[in-house]
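One chain, chain A, appears in both complexes that follow, with chain B as partner in the first and chain C in the second.
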Partner chain A sequence: MLNILLRYTNLIIITLFILSLLSFALAYLFPGDPIEIMTGLKLEELQKLQNQSVNIGYDPEGGVLSQYGHYMSELFSGNWGVSFNSGQPLYEEIMQSLPASIELSAYALTISLILGLPLGFIAALRHHKLPDYTLLSFSVVGYSIPVFWLALILILVFSLHFGWLPLSGRLSLIFDVPNKTGFILIDILMSDIDNKHAVLLDALRHLILPTLSIAIVTTTLILRITRRSVIETLNSEFIQAAYARGLTTRQVLVRHGIRNALIPILPLLAMQFPTLLTNAMIVETIFSWPGIGSWLIQAIYQQDYSAIQAGMLAVSVFVVLFTMSIDMLLRLTDPKRKKVERGTI
Partner chain B sequence: MTLHACDALITSKTDPNGIVYCSEGSPSSFNPQLDTFGTTVDASSHQLYDRLLDFDQTSGEIVPALATSWIISPDGKTYTFQLRKKVAFHNISTFTPSRYFNADDVLFSFNRWRLSTHPYHQVSGGRYPYTDSLNLNKLIKSVKRLNGYRVEITLQKRESSFLANLATDFAIILSAEYAKTLTARNQKQLIDSVPVGTGPYKLSDFRQDQYIKYSKHPEYWRSDKLTDKLIFDITPSSSLRLAKLITGECDAIALPAHSELEVVRQQDNLVLDEEPGQNVGFWAFNTSRPPFDNPAIRRALSMAVDRNALLEAIYFDSAIAAQNIVPPTSWAFQPDVKKVNFNPTAAKKMLRENGIEDGFSMTVWAMPVKRSYNPNAMKMAELIKGYLQDVGIQVNIISYKWSIFREKLSLGLHDSVLIGWSADNGDPDNFYRPLLSCAAIESGTNRAMWCFEKYDQIINEALDYSDTQERAYFYGQANELLAEQLPLLPIAHASKYQAHRKELNGLLINPYGGIRFGGVTKH
Partner chain C sequence: MILLDVKNLTLEMDIAGDWIKALDKVNLVINEGQIHALVGESGSGKSIIVKAIVGALPSHWRITADRMTWRGQNLLTMSLKKRRQLIRNDISVIFQNPIDSLDPLLTLGDQLKEMIPKTNLTKGWFWERNKQKQDIAISLLHKVGIKNHELCLKSYPHQIASNVIQKFMIAMAVASEPKLIIADNPTKGMEVTTKTQILNLLSRINQVRDMSILFVSHDLLAISSMASYMTVLYCGQTVESGDLRLLRKRAFHPYTKALLDSAPSFRKDLPAKSALTSLEGTIPTLHHLPTGCRLGPRCPRARRECVIMPVSRRVHNHYYSCHFPIHRDTK
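And now, the complex of A and B:
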């Protein structure tokens, strides 16, 4: 147990270290002065601050090592520089947009699980029968649809043709919800605004289309993974043995099938999260969802290098931390995996 | 129950107490004195501020606003304004006004752009493009406070377009008391980013490239009906603006694309207003650079281009071909000036005669943004490139980011440029002077860099008279001079369009500038 914890902590620290090196190197690889890119401030402004003896750790004479040291200490103190474009602190901007993306991905994942798992079971239990073929063809279609195209079609049908659902943003701009957690539904529930019901409804209306666009693709993925795992489990000897002992299909499935089929797919499902986040970032730009994806793409359009650098680091750190923690948790709980030879992402 | 919830999800509409306007970009500041471009004007001029005078939106006449009445001396040089009483400034979180609007505010607002020694003149850069281009700072001799509610403005010479200039989007009134407070706090620069005015709405929140939120000014002096909130949802893509209008996420949108007008017309719940535009889109030659200083070459280049084809391809028949720089609705318009006809053979001959050989290369700068006077300068530049190729001229099309584009243009680095002008008031002087006078080179609105003594003389003389008949005579001369010299080739006067939802009442097209939301309501 301790062994696993230590190994994972080690792995996480090393990976994060490499990421920080990469991010630091980006400042030198982007066109422009590295210090300007890291802080988002122009050299003159930095000089001015220095002259006013504000300690900003600006030391153009110091070597690369001392610069890296400064960079890291500023990162840890939440001082991520400011955006070239808006002049706002990047830490605040990222802390506002990253939760929006996580929220969207989480809802999409939830819906995909609710739909994908049972459908996967149905397909496996009716293996090589009509339901199986139907679901399988649905999943092939769903899986091969580009997510941005799907999002556009959904907009075309539900927003423009029927006029049922809004196509941009997370909440009508008319409503003011104080930003506490960055998760819109939680923020609304926590706030003490008068027309909470209407605001909540509005937020839900905004959520439906983007969530669906992401969820459809992920659902088909989960369906396929589940189906394969269930088929394998049902073909294994202990299931045959259970049948031989005279249990009904239902008993076999409930007592032996579900648990054993789910255990191998859980890590696979968790690993879908980065793909999900990538899809979410694409969908965000289409629905003008104020998440990290549309934020980064804006930054790229406007060549806002300080924002690109900080944004990339934030996203990659989040993805690494998330997937590794899930992986670690699964290893700690899965009896088959007690012995760990090496960590994998 | 579930059905009911679903129903609510797909039918609930936004609050009637707020108007959402999908605008095309972020303003550069909240002070139209500093910027003549539409985005800044829309976001500030009529929402946050008032002027001494206004244009009536339907008749175009000058009507009282913060000045209730005015007297002009017989020599036409002295204007005395009686000011409105009990006009309250915005009360914002960082400033609570202690008094009503009075003569001090007028003095402060005018002196800020007029006097280079004024403590606020250099704040935010010290450039006032509109008033500088019209030389208003030199025209005004003095602005005097006679008493708390009476102001006297004396001019150096008689100028008949003066009152019209005071009613434009740029002659706004700022709060002198707010400026004083900011000076004391050493925060002068906030005057243009955290604005205080007397307008129907006050600024409550602004996020670059995302939104501008305004709230109602409860003590607004007009009896206009106001909604609690006014929101500018910044949406740079025109197709996305249209989509949001269709779904009801916006109540009104800025600049519907000409190619999308048909879509708006087909929707039952949308309204498309159309108004002949007080604007001109043109192709200006940089006359300060040889060989474009030669009128014959400018004429030859103009003859090489088929303007009718440009009109069809770029404006989708929502514009009329331009003959003068003023549109036909203006009284200075003259239909019988010397025309430029499309004739590539003659153009080529003329070019050769003037020493332009095959393979000569020039630049056409195309503005990167869409304006009603030129919805797609890039495409127009491509077409012109094709036409000029036929007469043996190589064209390089140049475009930068909008802010850089304007900066480089003012430096005169272009050979020619596709740009235009929207009038700020109904006076034709508003076309002739900012576009082509010598003074306008410095202030950066004379894109042809054209300084022609005789022209300046004519348009200045026109201002000595107040009778339109007499003035029209001089503008006729100016039109002829321009048709002969061709410092720029007028291409089109585009109609102005405004699209909004049926629920929105009272939104009019303001032919002379920025959009106005005071008095607009929603059902």
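And now, the complex of A and C:
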């Protein structure tokens, strides 16, 4: 147990270290002076600050190593520099937009799990029968549709043609919800504004289309993974043996089937998370959802190098931490990988 | 009393578009209290027969039989639910690969307790029932010779040595107090001492608890040490069946003779340093099955008539299917 924890911590630290090196190197690879990119300030401004004897730790003569050390200490103290364009501190901007993305992806992931897992089970249990083929063809179609196109079609149909759902944004402009956590639904529930109910409804209406466009692709993915795993599990010898012992189909499925089918699925699902986040970023841009995706793409358009550098680091750290902790959790709970302790019996 | 009566069981599987008879008119009769041995080379369809009896075959294989009854009840026309119930009550299987046939995610204790029938529990409340289940499980383990029950019950299948898990499988088979235990090659790949333990255990269960055993194996020594009746299988066809002692004394079918001759310990007259006898060739693959008697190409006594499948003939309690059985010669 402790051994596994140590190993995963080690892995995470090394991965994050390499990420920080890459992010540091970006400052040198982007056009412009590295110090400009790392701070987001122009050289003249830095010089001015230096002259005003404000200690910003700017030392152009120091070696790369001391620069890296300084960069890391600033990162950890939450000083990520400012944006070239807006002049706002990047840390605050990212901390505002990242929750919006996480929120969107989390809802999409929840919906896809709720839909994908049972549908996958149904398809596997009716293997080579009509429900299987139907679900499989739906999943092939859903999987093949590009997300941005699907999002546009959804907007075209539900917002423009029928006018049922709002076109973009997180909330109608007439409402004003104080930003506390960055998660819109939680913010609304925590705030003490008038007609909370209406605001909540509005937020949900805004959520439907972006969540749906991400969820459709992820659902098909989960469906296919689940289906394959369940089919394999049901064909395995111990399931046949359980039938041969005279257990009913339900007993076999509930006691032996589901757990064994889910164990190989979960790490695969964790691996789908980066794809999900990428899709969320694209969808955010289309729906002008104020998340990290649209923020980053905006930064790329405007060649806001300091923002790109900090944003990429934040997103990649988040992905690494998330996937690795899921991996570790599964590793710790999987009895198949429990250490073999052969005693004399 | 006849427990299991299988007559002309045929199983066809779909291999690359062709329907191939993996089992061809197999006959098998198991009496109460009997240890019945089912012998055959690897690939002769022994395990498939076992799976066909308990209904653990993939549903897209075609199974037909003139008769397949369990104590007079027809297994083939029975509803799936009823059949499972019957198998749960009356038949237990010890599978060939113990580790693969256990759920890797449940402890052995959970899996053993699952097999204890509800009717054996007398107590009312669930905690009392759990306690009773635990007690029954422990006593079952003791009966099959596992002393450290605590460690065994809370281990996962992959954590246990293979001979212990084989004993555990026997405990699991006995748990439901069946009429028939089907032991599918239970001593596969074991050294002699463990093998003896397992065989003794099975014989004891047969004697003490009056359970019939269908002993599926290709280990002639093990079979002759415990079984009373033997059915020989070749390539999905029942070749000969009869009382083990009679069969050993005088086999009618050339294959049975070859099989018995191939085991040196069965032949007292074998001179020192002489070559061991064996049939030419190997068992055919499913794609290249000969027509008629499937032993044909390898049989030393084969003639033109052998391309037609011989009917099963009977001498007293001794069945064989051969056009030119060995006893004819001696006349």
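Keep in mind that, in the parts below, the second predicted complex is superposed on the first by the 337 of 345 C-alpha atoms of A that agree within 3 Å, B and C clash if a C-alpha of one lies under 4 Å from a C-alpha of the other, contacts with A are read in each partner's own complex, and residues count from 1 in each chain.
We take it that a residue touches a chain if its C-beta (ideal position, glycine included) is under 8 Å from a C-beta of that chain, and two chains touch if they have at least 3 such contacts.
Computed from a predicted model, the values in this text were never measured in an experiment.
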{"item": "Which of chain B and chain C A:283 touches, first, second, both or neither", "value": "neither"}
{"item": "Which superposed partner A:205 touches (first chain B, second chain C, both, neither)", "value": "first"}
{"item": "Contacts of A:298 with chain B and chain C, given as first, second, both or neither", "value": "first"}
{"item": "Partner chain in contact with A:188 - chain B first, chain C second, else both or neither", "value": "neither"}
{"item": "Which of chain B and chain C A:165 touches, first, second, both or neither", "value": "first"}
{"item": "Contacts of A:240 with chain B and chain C, given as first, second, both or neither", "value": "second"}
{"item": "First, second, both or neither for A:255, with chain B first and chain C second", "value": "second"}
{"item": "Overlap of chain C and chain B interfaces on chain A (superposed complexes)", "value": "none"}
{"item": "In the complex with chain C, residue positions of chain A that touch it", "value": "235-238, 240-248, 255-256, 259-260, 263, 335-336, 338, 340-345"}
{"item": "Complex contact set, residues of chain A against chain B", "value": "85-88, 155, 159-160, 162-169, 172-176, 198, 201-202, 204-205, 208, 288, 290, 298"}
{"item": "Contact footprint of chain A on chain C as seen in their complex", "value": "51, 54-56, 58, 81, 84-89, 91-93, 95, 97, 100-107, 114-115, 146-148, 151-152, 155-156, 158-161, 164, 172, 176"}
{"item": "Complex interface listing, chain B residues touching chain A", "value": "8-12, 14-15, 17-18, 20, 207-211, 213, 229, 231, 233, 235, 240, 243-244, 246-249"}
